[in-house]
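Can you keep this structure in mind? I'll have questions shortly.
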């Protein structure tokens, strides 16, 4: 199983090479993998039907509770079959659609990675592994959406899709981690078995909100739906795959997957039910406003995602059955429709439905398949879509608390979708042939195989509902509902409210279709939707981010060294003094005030010298004063028993002065550059550091050290280290490593100075 | 011509140079027992050559030094680092002092040792580094 | 005496930071030199001040006579002085080159790399 | 012996004090240098001798002699260097300065100083530096 | 020859520094001195000719210190009295000696004697310019300086 | 006695000295460059293996027993950091062969690199606080010199800020070391771990801890002390930037880890709370800076800052898992961040600019470079299954467990913004077509491209990318090492016993 | 050594130091400052020697020796600076 899941990644590495090697036939060849995977997954059907769920164990990072365990149950199997099944057709389709395209080889590479990621996502039994694959789908779909990357629009759309889904993904990660910690396990099979632990935990609300943030963004729920139509920038095979069975369904998958663990509460019901219903309605409405064939399909996808979310939220038996049925139905017709749309686009060169017409004669197979798939989309018998729609109405009617609201929105959506299905299936193909950029003719077999098969399946499943019911939908429902349910799918449920609603929907759809151009005209004048929609929100927040980033960076990183230094010094002062007063209780130990007048005088001269150096207006005067301060410091060392320090200080001071003199001779004199106010401010900052240091010394002055390590060093100095100058012995023996480092500092400074002076590259600045 | 044309300074520099050189060796060797050591000695010898540089010019100073100061710098670092290695052949950690006390006439007991070699490395590094800097600066000026 | 030295060290820190906050790169480097001195004196002070007793072992003895100043801080300071010297030699030349390249002694003219 | 040491110390300190006072009181650079160079060097030297006498050990004595030697050797050289440089850069003299024989013989452009004793055919540009 | 003197001098300096006045000390000093000279004299054309006689150096050092003391008294008087009686000026002194050592020693001595300060030697080494505190009696001053020069040259020859 | 503990310091010191002795021979320097760093890498791997097998290793330099002499100590954290330094050193040495100009070589590029590594390894391994100061200075001065190699105006201006602020940091470190000695009379870290708790006024210990915190936070470029980094890191040759990016700030982070687990764990509620706030702001300010910029090296530089926040967050939360996360994050980050700079360098060699607005079309012509960019870029952004994800995951999980919601939220949002700026680079440099205005220059650079040079530059990139993928896919062994390292950090007794030879 | 002698000597030297410092700070020309610095170096030599006598520790004399040897270097450096045309204002 693990190999099956990861095989996509492996093939991805070789796909570009294979594509180049096999040229036009590569699509067929490469499709063997998803096809075999389909067969492989199908082989699990009996076991799953029997046992409900199979967990296959593979370890990965046990220390972090991350495993590669695979959970094969009805839900994951349904998805796995869709992914591999539809994937098979997509791969062949892409071979035709992108024939000879410069990027076809890498396209296959990304596509297989994406497929593998999707499989991993739906099959993972581990929350974190699931997330790993979740993010991989985001990234790979980013690469797919931005496939035509030299087009600015495509890049923008890809980025948008990525940011929205990854933003949600990060929330999801937090939610999943919380689930894992709360439930005490990161294995789905265990988490879902103990749903009450989650629901009773105080973190439950947070978990739900975080997880749903991930699911809603991924599955394009209102108000995050805007990225999805933009993702149409991708080539059609990608759209078909992303929107029918995979990427966008990941959110739905996860909601369904976690339903046994998180569902069954009011929060879940209202959030999913209402957001889903609104999404459903928004999708339908926006579809009705659109003229691009891919845009229409994108909005109907949003509708479908909303529907699924709503159904999972409702969570009744009927709703779950409806959800899984709808899921399958949608995957079948939507993939077909996308591929057909691509075929039309590919052959005519336009996506605008208003510019298409009369293709029936030239593209008969396309037309036929489009009709079947569209009928399923519209929810007309005898297609599988009809069954799904019936079940949906049944579920909305039975929804606890929000039945009226969701039923109403469902009806409205159904009408609009029926209309759009008709628009899609009829307008491009009927009427008189219109002038298009390319001369249209029927698409090649590689591009028609998928739609034809999938459309046929819509028909077959509609007529023979027991096939899907028995094979996977039933198991999937069981997985989502949390316990086994009887699932039967037929076209005819008798005369009941759902049927009435269906009829209403179709009638309304027909009306809308007939007056579509008027409707379109009216709706497209409602531009406020574009101006105030959530996409504006995205744009505004991107602008805000840009502004904030610019403002913050220019403010903080403003280029003024003294700002940097002031901030650094003040941070030092505040943190140190705060701790000094609050934690240490402001200790001050003056100690004995024993000093001679000359010690005092030397100390005073050092201070006065430092102050004079810092205010003098003569550059070399400052250097000379510095020299004096240096001699003063040397005197202090000598006065307090440090002859070596005295000598070193004197030598270093002398050399420093020499260096300064050598260097400064080209530099101009000081100018009074700063204002008096600035000088006062700087004096305050500088003074605060001075006060801090004084206080620190006075505080530490009070600590008596019992036995410093230097006592032992002194004792060893002569007998063990053969030296009478203990300081020198420390330097060359006890702490030779310090001195070695010190040497390298001096040496490095030498090299650095040499390089700086001698290596004068062209000045590339300004 | 260089502007530093003081005959008095040149003469003094020539006179002081050997004295300072000798003094630096003295400071180096006795550092272990009295104030001094490689670092101070290195600075003194650098001062001596800096004086010479001030009195004459870069070319003459380089000529007098013989080796490129950067070589002395590297050599000093190498000596200092290598001085820490012999003890490992006696099963001791790096920088363990090895002592070969020799009664050198005129200096009493001269304690030839790895710390002394280390200190000689220090001396060379300081000398090399300071002269690298000073000469580079003086050259840049000229 | 430690208390007085505490004031000296504080004043040195203050003066050096004040210099570093000027716009002149020359003052900046002088400030750095003072700062280094200040830190060394701080170590010297907090380790305790001893008069007239350098940490040297007289001939014929195994230990210093009577009291002696703690040699370890002295060794540390010596190392720090040398390191400071190396670093400052670099800094001194750096400002020299920065001046040559930028043509100004004014730090405010050196902002092209930040934003 | 102690008295001698004390005397030398006091004398030395006195000279140093006078030198410093001169540095404050004298009206121009050259005159200040007359004070500091001599008084400082002698003062320092006397105290060095005092130290040598005080300790009385050979090792210390030679060191104090070395101090004396170096002080006395380097002080005039430093003074010369500063005075010469200051002169070349046109330092202001006290307004009661009587004459300056050097000014007209100095070619500041090439820092060339003539003696005024040259034969007309002497090559003025010939530099005899060693 | 001069090199050998130098070597001896360095050896003396060495034993002075080490305080080890033994034959062995002298030997070590000679060895180190030799190495120092080895380093120094690799540059040709600067064979030192400064010093010939060690005792003369010592004698002259005493003279030097004496001159130093005199000059200080003079300056001290000027500094300590409230009014300035100086008559300063710059004058040129013709030089007789022409070795580096002679000129340098003379110039330094002049700096250390009362009221005079060497400024510079002309490039042809024939004239020493000095700053003097009192040039009211210029001839007297020149005479004194000539006398000093004679002593220096005597010492050196 | 464990000689191997000192080898990661001694090898680069020797290599550096030798390079200086042979400063006239470029060939010798190059060979020493590659062989020396390779030796360092091997030695550090041996050290890690030995530390893993035998526990904390100690060498008493000069045979003087702790706490009197200086000891080098290799615990797992130290050994891990050393290995990372070895990897970086070797990768950059190879990368430098074609990318560093002859002139730079002539002026000490190789010895400077060795000595930088020596300083870094010394800082990682030393068990003595003053010795740490010394090594920090070594690496600092080496970095100064590397930073100005080339002498452009930008380098000079950046260096003035870099030098000033880092010197201030060093001075504060020195002051803190001095105060510590004044309070305890010892410098040995293990000894301090014993003696600091004996100081009567524990508040005073906190005060000194603050000074260490300031100093190391400047080195680590934490908020609000990071200014030096974005001002300078984008100015030197790219190989140098990569080395800096990978290693330098990590020394600060390492020191924070060492000090605030071993020495200053007495007032965690106070000190680590400050660290936590710092971590949060560091993440945010850094990532916003990156969002603002359009020059690759500047973007990457600000990301260094931002990522430091995660590492400090691991320390600040101060739970076992958080420390694991922090250690894991450090390991991941060093590899990834350096690699990004290296990739940017290759892009530069192909297009002649680091400005995103001036380059493009790389994905079209050089898809392999795109993949090599994506690996570290996505890892940096925390995209699974690359190394960065697991680091982030562990830290976030630790944050959730500690119920520090604020910092978790910040960490997540910053992850998103990191992705944003990585994608910005991707979109502009790789996806966008080469802009017309700069096409001529790009063509010129393409023409001048030397295939062998590109190969040499790409090899280390591939190597680092493989490590990134490996840390991700085979996270378990890395996790185990990080876990053991964190355990050593949390329980100092092993460290103290290994160094002082007595039970604390 | 008699304490009062030491005190007087210190006093004179310290006053000298202060006076030189005033000259150092006031200038006016760079040469004046350098002369003052020279003098300060000399006074420092004297102070160290006095301290050695006062504490009876001869080791401090080495410090004075080094200072006597190298103290004039700063002056030479400044002189060179002046001659090179650095107009230190």
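The letters A, B, C, D, E, F and G name the chains in turn, as written, and every chain counts its residues from 1.
Here is the rule we use: a contact is a pair of C-beta atoms (placed from the backbone, for glycine too) under 8 Å apart; a residue touches a chain by one contact, two chains touch by 3 or more.
Just so we're clear, the structure is a prediction, and the values are computed from it rather than from any experiment.
Among the other chains, the CA centroid farthest from that of chain B is the one of A. If you compare C-F with B-C, the chain pair joined by more contacting C-beta pairs is C-F. When each chain is reduced to the mean of its CA atoms, the one lying nearest the mean of all protein CA atoms is F. With centres set at the average Cα position, the gap from chain A to chain E is 84 Å.
One simple way to say how far apart two chains are is to compare their mean CA positions; for chain B and chain D this gives 30 Å.
Remark: chain D and chain G have CA centroids separated by 14 Å (rounded to whole angstrom).
If each chain is reduced to the centroid of its CA atoms, chain A and chain B end up 61 Å from each other. Multi-chain contact residues of chain C (touching two or more other chains): 20, 28, 38, 40, 42, 46, 51-54, 56, 72-73, 76, 78-79, 82-83, 86-87, 89-90, 93-97, 101, 107, 110-114. With touch defined as above, residues shared between interfaces to two or more other chains in chain B number as follows: 3, 5-10, 12, 23, 33-36, 39-40, 44, 47, 50, 70, 73-74, 77, 81, 84, 95, 97, 129-130, 133, 137, 141.
Among the residues of chain A, those touching two or more other chains are numbered 553-554, 557, 559, 561, 565, 569, 619, 639, 643-644, 647-648, 651-652, 654-655, 658-659, 662-666, 693, 696, 700-701, 708-710, 713, 724-725, 731, 733-740, 742, 744-754, 756-758, 763, 765-766.
Across the assembly, chains come into contact as A-B, A-C, A-F, A-G, B-C, B-D, B-E, B-F, B-G, C-F, C-G, D-E, D-G. Only residues 51-54, 56 of chain C touch chain G when the two sit together in their complex. The part of chain A that touches chain B in the complex is made up of residues 643-644, 647-648, 651-652, 654-655, 658-659, 662-663, 665, 721-725, 728-729, 731-733, 736-737, 739-740, 743-744, 746-747, 749-751, 753-754, 757-758. Listed in rising order, the residues of chain B touching chain F in the complex are 70-71, 73-75, 77-78, 81-82, 84-85, 87-88, 91-97. Residues 596-598, 601-602, 605, 608-609, 612, 616, 618-621, 624-625, 627-628, 631, 634-635, 638-639, 643, 646-647, 650-651, 654, 657-658, 661-662, 664-666, 669 of chain A are the ones that touch chain G when the two sit in their complex.
Those residues of chain A that touch chain C in the complex are listed here as 553-554, 557-562, 565-566, 569, 590-595, 599-600, 603, 606-607, 610-611, 613-614, 619, 622-623, 626, 629-630, 633, 636-637, 639-645, 648-649, 652, 655-656, 659-660, 663-664, 666-668, 670-671, 673-674, 682-683, 685-687, 689-694, 696-698, 700-701, 708-710, 713-715, 717-719, 724-727, 730-731, 734-735, 738-739, 742, 745-750, 752-753, 756-757, 763, 765-766.
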